[in-house]
Amino acid sequence: MIYQGKQKIWADYQKEIPDNHWFYVRSCIRQNFFPGSEKMFLEICRNVLKKDFFETEYHTTCGGIAYHCDTIPQETVMTIVARQFALMTEAGYENYVASCITSFGNYAEIIETWREFPEVETRIRELLWKACRREFKIPKNLAHASDLIYKYRNEIAARAKYRLVNRYTGEPLKVVEHIGCHYAKMFPSKGVGGAEYPYVLCGMIESWGGNVIDYPERRHCCGYGFRQYHVKANRGYSLSNTYKKFESMEPYHPDFILTNCPGCPYFMDRWQYVIAETEGKTYGGNGYGIPVLTYEELASLVLGYDPWDIGMQLHQVAVEPLLDKIGIAYDPKEKYKGLNEKDLMRPELPGVLRCC
Amino acid sequence: MDFGFKLSPSSAINLDKVDLSRFEKLHGIEPDIIKCMACGSCTSSCPANRFSGMSLRKVILDLQRGREKEALGMLRNCMLCGKCTMVCPRGINTRHLILSICRIYGEDGK
Amino acid sequence: MGKLYDELLKDYRVKEGLKTCINCGTCTAICPAAEFYRYDPRKVMDIVQSRDEEEIEKLLKSDFIWYCGECMSCVTRCPRKNGPGLVIMALRNLSARLGYFVCSEKGRQLYPLTRILTGNILNYGYCVYPDTFKWEDHKESGPVWKWHTEHIRDTMARVGANFKGEGPGVLRKIPQESLDELKRIFDVTGGTERIETVEKFSRAKAEEMGMDMDEYFRETFEHTSGSHLNNDD
Amino acid sequence: MKENIVIIGGGIAGLEAAAQLLSLGYKPIIIEKSDHLGGHVAEWNCLFPDMTPARDIVSSLAARSADANIFLNTEISFVNKLKDSYNIMLSNGISIITKIILVTTGFSVFDAAKKEEYGYGVYDQVITNRDLEHWFNTGEDKRVNDCGMNAVGFVHCVGSRDEKARNPQCSKVCCITAVKQAIELKQKFPDAMVYCFYMDLRMFGKKYEDFYISAQRDYGVRFIRGRVSEVSENIDGRVIVKAEDTLSGKPVKVTLDLLVLMAGMVCSPDSTRVANMARLPVDSDGFLKSEDNVADIISSPKEGVFYAGACTGPKTVPETLAEARAAALKVHLYIKGLE
Amino acid sequence: MRERFLTGYNDFVLPFVCGMIFVLAYCIIGMTRIILQLPAQDRKRFFISLVTPKTFFKNVKDIFLKCLIHVDLWKRNKLLGYMHSSIAFGWFMLILVGHIEVFLYTSNLGAKALYYPIFFRYFVAETESTMKGSLIFFLMDFFLLVVLSGIALAIIKRVRSRLFGMRRTTNPSFLDLVGLYSLWAIFPLRLLAESFTADISGGSFLTKSLNYVFTEFLSNHANMLPAWWAYSCALGIFFFVLPFSRYMHIPTEILLIPLRNAGIRIVNARKGLAKAQVYSCPSCGLCIDACPMVVLKGNIRDTTVYLNRQIRRNNEARIEEISDKCLLCGKCTAVCPVGVEGDKLRIAQRSVRKYSYSPDYSNISAEKEAMMCNKFVTAPNNEVSSADNEKVLYFAGCMTALTPVIRKTTESVLEKAGVEYEIMDKDGGLCCGRPLLMAGRQDQARQLVEKNTEIIMASGADTLLLSCPICYRIFRENYTLPGIEVIHHTEYFERLVLSGRLRMRRDNTKYVYHDPCELGRGCGVYEQPRNVIASAGVLVEAARNRKESICCGGSLGSLTLGFDKRKAMTENAISNLMAGSPDRIVTACPLCMSTFSRYSDRPVEDIAQVVDRTSEAGKL
């Protein structure tokens, strides 16, 4: 692997990301499975970095999952998106940041379609007016939330309490990054670093002290596949794709996986559990899995937040071995406690996958 | 634990792992087999194509990819009529090739 | 109704996604579905490109168009700037519109999908929502999810979510007026009509298969024959 | 015979045209940007279909055109159109007034690093056709492992027939070059598996098909119809190639010790620069535009400006030489017309 | 005649007697084994045929004409015929007359009967009564001269075979050579021995006169014993090598003729009839010249004579190579003087091959196929023009699919003649099974025969018309289609012309007709196509035609001949057709047509094209 070769490509894909004043929209999947992540994103941006991020309670799903499950027509999803843009316009923002990769891809695709076929935009404006009496401007800048953490990575590094270094060996942690397919595969120029060697997560890992691992199936989809997961009968597809990725990364013994898509960490986390239960195979050493982190979680961890405050307990794969490696202090007894030490009992332990 | 689904087998051909020993044996008898340029003339003229999907082009390809079962399945209705030999632009003696395949490859494995 | 190909061509995704295909196979090579299903996106493109009405109709009624995971990996690599994934979406859209989806096993799954996803959107404003994401239907979500949903108000509160709360925040309650707007958007953009179409054809199919709608839902949601996978006969 | 003839580019087209003009009694001026004559051919090892050493072609051309005025390491600073002639200013300060310009600026090899998914410049074991020729010539390339060569792949159409690479044209010679290089590698590493990943094999030239048959029959080169979609590196540093075996409709994957990218021909930036300076039009394929693409490919739409070789599109060596000869005759007749 | 020795014995007879006993024992055992190897049914049939007067007389006649007179060779070349019959018939007569002589003049024969007829002249002396036998003396010398003339010719033939109409002869094996030289030696030595004793035992114009010459310088009678020893040894050696040389054909042919006359076919590749044929091969090498593959010198050793030799040696690799290469044109069978069926023998060798995968056609629905061509069943009666009009089912065949002009013109001719017809293989149909049969895959071929039979029987037709001789042959030989006439289009066209349903316009175009192997040698159809062509233009003949027609080289029979190798054969076949400088080449086989078209410098047509071009509708 020739690192300079990658640097050259990264230099070609630098996208303009304004520093401040963003209209923030949430992700359905992230809110369900990693609720702490979104909270931490705003926490870090607003309170740590003192940036202006606006969120309105009136925004909804973008409809992307329903659209990619082919349950709603293109016009419907476009109008829902137009409504989101209208909310941004009404709030006086022109920079639009999405927490979800599906949404991000959805917005990018729709804006691109409108650009190429202006008659579609006109029609959607009419439909939105008819349905909601709203009008919108197309955002001047569209970003994914990971773009912003990437943008702020050095500021975060400057305030970091921990570095991604194995405290036992002194070596940088080996980190595998996984980019959501809809981040740059459709429009390589819309992603930091392009589609083939995206830099958005690599940049974070590098500036926080870790070492990025490239493995053969790095670019492969996690296997979500929308309808291939939401319908129970199809989940073998989803499982098989994740399995393929893990088989490919296994020889590299990564310390953890970093993702920027809300779905991928859920799938890569839970499919490890299913592979362990059905195939008896674990990838993380000592019967553990490989922890799969969102970039918000990682940023929060290096900034020194309590792992249980940011929702690390909602992962099926235990994160404790990773926390130990980095040297992050945590209280095992607090892991499954509610607010004010409320006893919530604890999840059952899986049969094969080792958990804490 | 039963989740209601399981891993699916992969159909990808992994050329690193294909066992070509039988193909090499065949190639020893039929050196022309690798002259095939997959033009499909054989398939288009084949009367067995209607019945067992016979396509000599695919048979040759499948054998090289280690997909022996598929290849033999197609051969099932070959009537050895010789039209493929007549139309092959590379002059491959397809009839003898088919007979050699039938000698070397069998349902029984070896 | 016009010819199928003309109908497809009206879809902007086909306009963007199918210029001319040279059958190079780049899409299939990296397609996650091509490896695990009997599926070859290149062939789908070729059939659409052929403008053969009969073939296109067969395609719309087949399982093939439902194998794609819409990851759009194919879009990145196509040397002719095509988007097989986009064409698939257009095909699925047409298949749903014409009711052809009930002809194939994978197509029939559109019914549970529609019920779950549009239900979530219209009822909660989210595509995925804990109240409808049951551990029983998602055993792979693990004991953690089971625990999480059992104590959801507490676990959500612990990580600072605003679960079912007023105002902004994680999994807040989306105000009724926003949900009403969504409903109106569905009404004027054909979303509602699509739900009804899927309902109608599925109902007819369920009747043909001798099931009530709940059985039909379970059947299509949970069961699949082996014929979709590669290595069995 | 005092008419100045300026030949821009000292590749084989320029040299052949100069040699012909010399034999017609003219004294042409060759302007060459680099420090050697012969252009791309000088960097090649052997030429299909008879495996003629490229060096022989170039040295014989150089010998035959040695009497021309040759400026090496010289670029053109600007071109001024005068009333019925051109004023050419060279980077070495010399200025030439001429009525005749023969553009033989040739092509550039497509920068394979632009096909990011193939990882040229990122993965250690990925090289281009030009790198391989360099290795044939010098034996120096640490990427070619003399002892551990088990599997080698060739990817056709890299940067050709590719709208994403902004070159939808076929580069014409890569198919046969890949076949040639595959045979050469098989000769050096008889036990290695050699795969060619192609979209279409365009064996249009004299004896090309024989070459292809020989590669199949005599060397056992495996041809797989499918464009390579993705290349990645495994933990041993070998490259994994993914394509579709379109003839069986299945994804195919193979691990290789060396991957050779058949980088195509694109119009050289020098051609474009000259075209800008002399106000020559550029055709929709990015190459220089001829008066007529069928009947008169060597005339430019501009009075006194002629083309030869790959500046008007991808060409083989014999085609280029033939065009150079035709251009020399055209120049000769043009000068006769002026008198 | 008086016996010279009381014992009537001398040691020199031993070599002969041992050889004789050995060869007789060998032949009896061999013959018994062959007969036992026949399938029970065939064996029964064979024995019955032996006692049936008709076949009995035929056997006798055939043995006499073929084994002794070699009538086939006479037909081919007089000199060759004379050479063979002089030796065979002459020798036979020597033996016959010798026996008569012995029985006439000796009593108390006993064990002497074994060798007396051969060495009679040594053991007897001339007496008063001798001159009564002067006729016998004369006959013996006469036949000895006949044989000697044959031997002389044989020696010449070894050097100049062309005089005998043979371009190439077989390369003899070592034992063949031993046999050959001992055979050549037998009769001169007999002459020598008898001449030495002629003054004692008497003789005629040959022996007696030679005796006079000898006595001039060799008066001592002691000299005669070595000559008799040498004679006996030559015979002994000949008999000992006989079973292992080509001369085994002499006794075997006597068995082969009745086997053939009993109508027995080759069942087992190496046993029974096949074995009889193999051992009957005299290695004369006529099949070498006949073989179309021999244009390429490298193929000489792949001719039938060498196949027979390799089968006798059990050289499996070569047997496979030879039997797979053959075009199965059947010409060697046609020219073979003893009736070795080179083509069938090879098919039999192919059929014993082991395959680990075998196609089967049980998934093909004959019913469904029949639906596509059952017009005669489904059409209401009034649509069929007249009740007595035949209902023709036209099976174009696989090969015709590659030469659609044949099908098109055949249809056009049928329409002109107002024939009610239906095409059986519009959609490709099934193969007739002949190519599988030729490849030795009999079980598979049988399956196809069954499927096709079912389809044809369900079609409601009463005539099956074929335009491909390959199909035609298997339909004639292996199909049972009760109530349905199987006919080739050449025959059908002749019928249409003769019946006036087609009117031909004759012009001056010169046509040469190529007899396709399967139609001519295979099915015996020679005259019908010629009659049809003669009514369309001027018919000229090829240098070799009819039974001796040369295969086009495209045959499906060969499994291994490559495309490039066949070219020379095709060119040779074309040059054979050029003898009469024809304007057009006409054939009646799609495979011949496409093969010839590849290399011919003048138009090649199927007979259907000729008929279509030159005919118009006649009276109905």
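Letters A, B, C, D and E mark the chains as written, and numbering starts fresh at 1 in each.
The criterion applied here is as follows: a residue touches a chain if its C-beta (ideal position, glycine included) is under 8 Å from a C-beta of that chain, and two chains touch if they have at least 3 such contacts.
Just so we're clear, the structure is a prediction, and the values are computed from it rather than from any experiment.
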**Message:** I need the common contact partners of chain B and chain D, sorted by label.
**Reply:** A, C
**Prompt:** Based on CA centres, what chain would you say lies at the far end from chain E?
**Reply:** A
**Request:** Pick the chain whose C-alpha centre of mass, unweighted, sits closest to the average of all protein C-alpha coordinates shown.
**Result:** B
**Item:** Chain separated most widely from chain B, comparing mean CA positions
**Value:** A
**Fill in**
Of B-C and C-D, the pair joined by more C-beta contact pairs is C-D
**Message:** What's the distance between the Cα centroids of chain A and chain E, rounded to whole Å?
**Reply:** 86
**Complete:** In whole angstrom, the CA-centroid distance of chain A from chain B equals 46
**Item:** Distance from the mean Cα position of chain C to that of chain A, given in whole angstrom
**Value:** 22
**Prompt:** For chain B and chain E, what's the span in angstrom between their mean Cα positions?
**Reply:** 40
**Request:** List, in ascending order, every residue of chain D touching at least 2 other chains.
**Result:** 117, 225, 230, 245, 250-252
**Message:** Using the touch definition from the top, which residues of chain A touch two or more other chains?
**Reply:** 195-196, 219, 232-237, 239-240, 244, 274
**Message:** Where in chain C do residues touch two or more of the other chains?
**Reply:** 30, 34-37, 76, 140, 222, 229
**Item:** Touch relationships between chains, expressed as pairs
**Value:** A-B, A-C, A-D, B-C, B-D, B-E, C-D
**Touching residues (chain side chain C, partner chain A) in the complex** = 11-13, 15-16, 30, 32-33, 35-37, 66-73, 75-76, 83, 89, 92-93, 96, 106, 109-110, 112-114, 116-118, 120-121, 125-130, 133, 137-138, 140-148, 151, 154-161, 163, 166-172, 174-175, 177-179, 181-182, 184-191, 194-195, 198, 220-224, 229
**Prompt:** Within the complex, which stretch of chain A touches chain D?
**Reply:** 1-2, 4-6, 8-9, 194-197, 214-219, 251-252
**Residues on chain B engaged by chain A in the complex (per definition of touch)** = 1, 3-8, 10
**Request:** Can you check the complex and tell me which residues of chain A touch chain C?
**Result:** 26, 28-29, 31-33, 35-36, 38-39, 43, 55-61, 63-66, 68-76, 78-80, 83, 105, 113, 116-117, 120, 127-128, 130-132, 181-182, 184-186, 188, 195-196, 219-221, 223-228, 230-241, 244, 270-271, 273-274, 308-311, 313-316, 336-339, 342, 344-350
**Item:** Touch list for chain D against partner chain B, complex
**Value:** 151, 193, 195, 201, 212-213, 216-217, 220, 222-223, 225, 245, 247-248, 250-255
